[in-house]
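Below are structures written as structure tokens.
Heads up, the next two complexes both have subunit A, just with different partners, subunit B and then subunit C.
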Partner chain A sequence: MAAQSATASCSGLRSALPLLAPAYLWLTVAIFLPLSAMVFFSFMTDLPLTGKPWAFTLGNYAAFFSQSLYLTLLLASLRLGLEVTLWCIVIGYPAAYVLAKVLKGRSREAIFLLVILPFWSNGLVRIFSWAMVLREGGILDTALNAVLPFKINIDLMYSYPAVIIGLVHSYVPYMVLTCYLTLQAIDDSLIEAGRSLGASRLQVLKRVIIPLSMPGLVAGAALIFVPVVGSFMEPRILGGRTGTFYGTVIEDQFVAVFNWPLGAALSFILLAVVLVILALASPVLRRAA
Partner chain B sequence: MRMPRLTALLTATAVFTTALTLAASAAEVHVLNWKGYGADEPWAVAAFEKATGNKVVNDFFNSEQEMLTKIRTNPGLYDVVMINAAFNDQAMAEKLIQPIDTSKLPNYADISKDKAGSPMLDHDGKVYGVPWVWGLTALAINEKSFDKPPTSIAEMWDPKHKGRVVIRDDAVEAVQFGAIATGQNINDIKDMDAVKTKLTSLMPQIKTFWSSENDWNQMVASNQIDIGTYWSGSADRAKTHFKLPVSLVIPREGAVAWLDAFSIPVGSKNVEGAQAFINWMIDPKFYVEWVTKVGAPVSANTKAVEALPQDAFNRKVMGDPEVAKRIQFQAPITDAQREAYLALWQQLKVDVK
Partner chain C sequence: MAGVQVSNVSRSFGAHKALDDVSIDFADGGFYALLGPSGSGKTTLLRQIAGFDFPDTGRISIGGESVERVPVEKRRIGMVFQNYALFPNMSVADNVAFGLSVRGEAKAMIAAEVQRALDLVQLGKLGGRRPHQLSGGQRQRVALARAIVTKPRVLLLDEPLGALDKALRVDMQIELKRIQREIGITTIFVTHDQEEALTMSDRIGILRDGRLVQEGPPEEIYDRPKSEFAATFLGDANIFRGDSTGNGIRLPDGTAIAAGAGDRLAAGAKASCAVRPERIRIGIDAGALDGDANMLKGQVSKRIFAGNNSTYFVERAGQTLKVIVQNTGADRLAEGQDVVLRWSPESTVLIATS
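Showing the complex of A and B:
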């Protein structure tokens, strides 16, 4: 029996190979090889392409611990990741619910299109359009002052909230899409059964809908948290004086001083921290899911 | 039946591509420079191609480090590279650039003697860089915020400009600016603590760190800033080309000056074309057109500057001997210094968060 199923799974793998090969080949060439080169660089004193002598060292990793600067920034970036993820849930989940359970037909298609529309524009274009909206005398400021009877002064540009707004806008579609998929898969009859057995709407939400859609929430949160922690473009453009984060410091090492080894080491420390967080969270999340 | 046709087609394609590559490589000049910095102006490229028969292929970099990496990793690809004089030494030491035969550049004789003889560009009596243009990192003001232009760098620290000051997001520039504000030599900073203290007190004044000309111009256009560090050529461009209320201030404490020069990389396949291109770039005719159409820094060619109108900014203000006394030219800095400056700059940015 066991042998039989083993051969079955083996032949299954063999027939699946042509389907898997392109993806794995691509992953090897495009991700695994450059990433291993970066691991290698992170242990070097200097890049070989500069023609200078180089040696292996742990100094780049030690630099992280010798200066409080990097830890401060890493914590700031983790906080940014958490806040952005939270706002994405607050904004994205209800939208996904309405899309999956309330709207039908044409109106669903239209709203769906609006949700994924930001994906079609370049990230930099989105950030610069936010810059026009958020600044003093910008679109938001002018519009509110035109409507409101009293004078208010809105200048969100170059501040922490501006970074949050920009990032939430960029990443909320991920949350909507992942939650939409799991919410749509919930059988309506389960909700009806709960209601007919006397559960209030809130109880149905808490006991039926949220637990069943948890995989989508978790997937969305992971998809958002990881890139936001390492983000550098949005903080740099929207954050102004407060826009220095862990990601911008890594970018500086690569672009401004050509210290790839230190930049690579800082990146891998970030990767390790993110993996540890996900690993610590996984039992909790698995139980919830 | 089908084979001969296929063979014929393949042969034709092969011949055609070979002819195309031959024609292309025969007279191409590959130029590496900042984007939008003179050498890629379409009208200039077209005129040069028409006059010399060389085809110009432009490539760009976003930082000096990237420029060095590009010539290191693509030997033989580039024929002309624009290198800031402070980086010329490093490029020569790494054997990335070759000596230039200036007798092939008729315009070289008109380059001002102090620039042509700069020890940053000439090594062992050989010329490794042809001075092109120079400019200042000084202050620029939003004319709407001032009745009369300030004269001192201390204006940046004035509480009435709180939240309306900008500075470039560049560690070396920031530290050298701090050196000027504390009355030190930018190339030999003795009291780094004074620089740090001075910059620390500037940080709360700052609205944001700019990184491109476009950032600066947008913030002035929407009246978000009063004053900030800016490049002389960019301030000129903002005023003449974009009609913005910007004017350059060269504070009495001084300003940082830089010199940009053209070099020919080792292994260039078209040295003759490269020489022709460099000569074209330092020609008065090109320079005057560049200044009038786009706005530019100051040419190193004295005849080119003299060809400008009497009251032109690049002639009247930048050519003023009083200004020449105040400015300090950037000298090469080591990698260790650059990393130390970056560490200081990052610490300042984190402390103000």
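Showing the complex of A and C:
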């Protein structure tokens, strides 16, 4: 019996192989091999490419624990990830709700397009556009001073809020999309049933809509939190000197200091931390979902 | 419990008049069916009573209290949806408890009421299940328990049995009727199934194109339809069209059809007569069918045998008439046979045509 089902699943796998092969081949070449090389680098004293002698070491990982700076930066990055994720929920969830439950037809398509638009523009262009908006004498400053009767100075450039604004702008579409998909799947009659039973709109939201859209919120949060913790472009350009985070330090190791082994080691520590956080959160999130 | 009064309610969506000056009085404790084809406005009317949508003009009151601008959550109604609309993220018991718990009732009181409601719908042991673990009929019962546990003033049902298969539907009809009697709640249910409307309700309202065509007890609507539409939508009817003779009509070929003594219309006006297929007697010669005033001759074009009865389709002057004959063991008529049809004036309803 067991042998039979084993052969059955075996033949199932064989027929699925042509379909699976391209994806796995691509993943092997494009991700697994470079990543393996990085794991290898992270245990080396120096890059073999430079021609200097090298040896295996755990020193790169030890560096993280011997200097409190790295831990401080990692915590700052985790906080950044948390804040950006929360802002994305605050901004993205209501938008997704309106898209899924209020708007219909052409207006829904139009608003949807506006949400997707940041995805289609170049990331660097997006960030430099924000720089033009946020700096002193920039678009926001000029516009506010043109409207307001008193003089104010808006210079958000090179600040923590600027980093948050840039990151939220880049990542909010993920939250809108994942929440939209789960919200759209909620039958309107469930909302009506809740209200017919005497629940206010807020009670229906709290007890029916949010629990049912939790999978979308969780997926969106995971999609946003992980890359934001490792982000370096927005912090560097919009944050300036205040924009030193774990991600920018890793970037420095690769492009400025040319200490690839340390950069690789720091990356894998980040990966491990993120995986631990997701693993710890998953029972809670699964119950919520 | 309370009665519901709908007075002169109209509702338009753009240029489409979904409800056009509808007035119905739903008495306290009654079981009402709103019957009509799709697009007739029956669901729109139910949603106005529920409070999901407000009328453009007109009044709605529940238990004498004017509610036409009161939102649904404040109307104290119970509603059962066509697709049941059970909350998939909650257990059966939590679904039923929802209405009580949003009101902030005490936990012990909620548990007792939920158990009572589940017992009433004979699902006392399934409180811990999830909706997706239940059959269609069971989900229907949970939806009903959830709707009545809050002790609403009115119970509204939107095609509640539409998604069930035939045998289960008949069971649920009986069950629904039993529960309604037991708690004595005013019940309004929307259906397009005429049989369901006939067997379950104390009164039926027939809607068409947003207007109330006729309203009354099922027997009255079936026996005394006031329009061709009511006659043909609720049950089957043979319709004859001609000119009124005062107490009947004259067909274009000169044949007179007499209607019941109570039916009177001004002579000369366009009018029609409706006759139910089971009221017509059919035979080979007129003598054997003595007694009834109305008589037509025709030819059997088709016979459909259904066990307890047979339906004959009889061609007469370009019109196909339908006759249903109980299976009494008498000889059946062959297709192509020339036949005589007879029926009494009392079985004929005179209808004014506009």
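One rule holds for everything that comes next: the second predicted complex is superposed on the first by the 277 of 289 C-alpha atoms of A that agree within 3 Å, B and C clash if a C-alpha of one lies under 4 Å from a C-alpha of the other, contacts with A are read in each partner's own complex, and residues count from 1 in each chain.
Basically, a contact is a pair of C-beta atoms (placed from the backbone, for glycine too) under 8 Å apart; a residue touches a chain by one contact, two chains touch by 3 or more.
Just so we're clear, the structure is a prediction, and the values are computed from it rather than from any experiment.
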Partners on subunit A (subunit B, subunit C) - clash or fit: fit
Angle, in degrees and to the nearest 10, that opens at subunit A between the C-alpha centres of subunit B and subunit C: 150
Subunit B versus subunit C as contact partner of A:P211, first or second or both or neither: second
First (subunit B), second (subunit C), both or neither touched by A:N259: first
First, second, both or neither for A:R195, with subunit B first and subunit C second: second
Which of subunit B and subunit C A:G137 touches, first, second, both or neither: first
Residues of subunit A touched, compared between subunit B and subunit C (which is higher): B
Least Cα gap, in Å, left between subunit B and subunit C after the two complexes are fitted on chain A: 45
Contact residues of subunit A, present in both the subunit B and the subunit C interface: none
Subunit B-facing residues of subunit A, complex: 49-51, 67, 69, 72-73, 76, 131, 135-138, 157-158, 236, 239-244, 249, 252, 255-259
In the complex with subunit A, residue positions of subunit B that touch it: 62-63, 65-66, 68-69, 72-73, 94, 169-171, 203, 206-209, 211, 218, 222-224, 335, 338-339, 342-343, 346-347, 349-350, 352-353
Interface residues, subunit C side, partner subunit A - complex: 50, 52, 71-74, 76-79, 81-83, 85-89, 98-99, 102-103, 146-147, 150, 156
Interfacial residue positions of subunit A with respect to subunit C in the complex: 187, 189-190, 192-200, 203, 207-208, 211-212
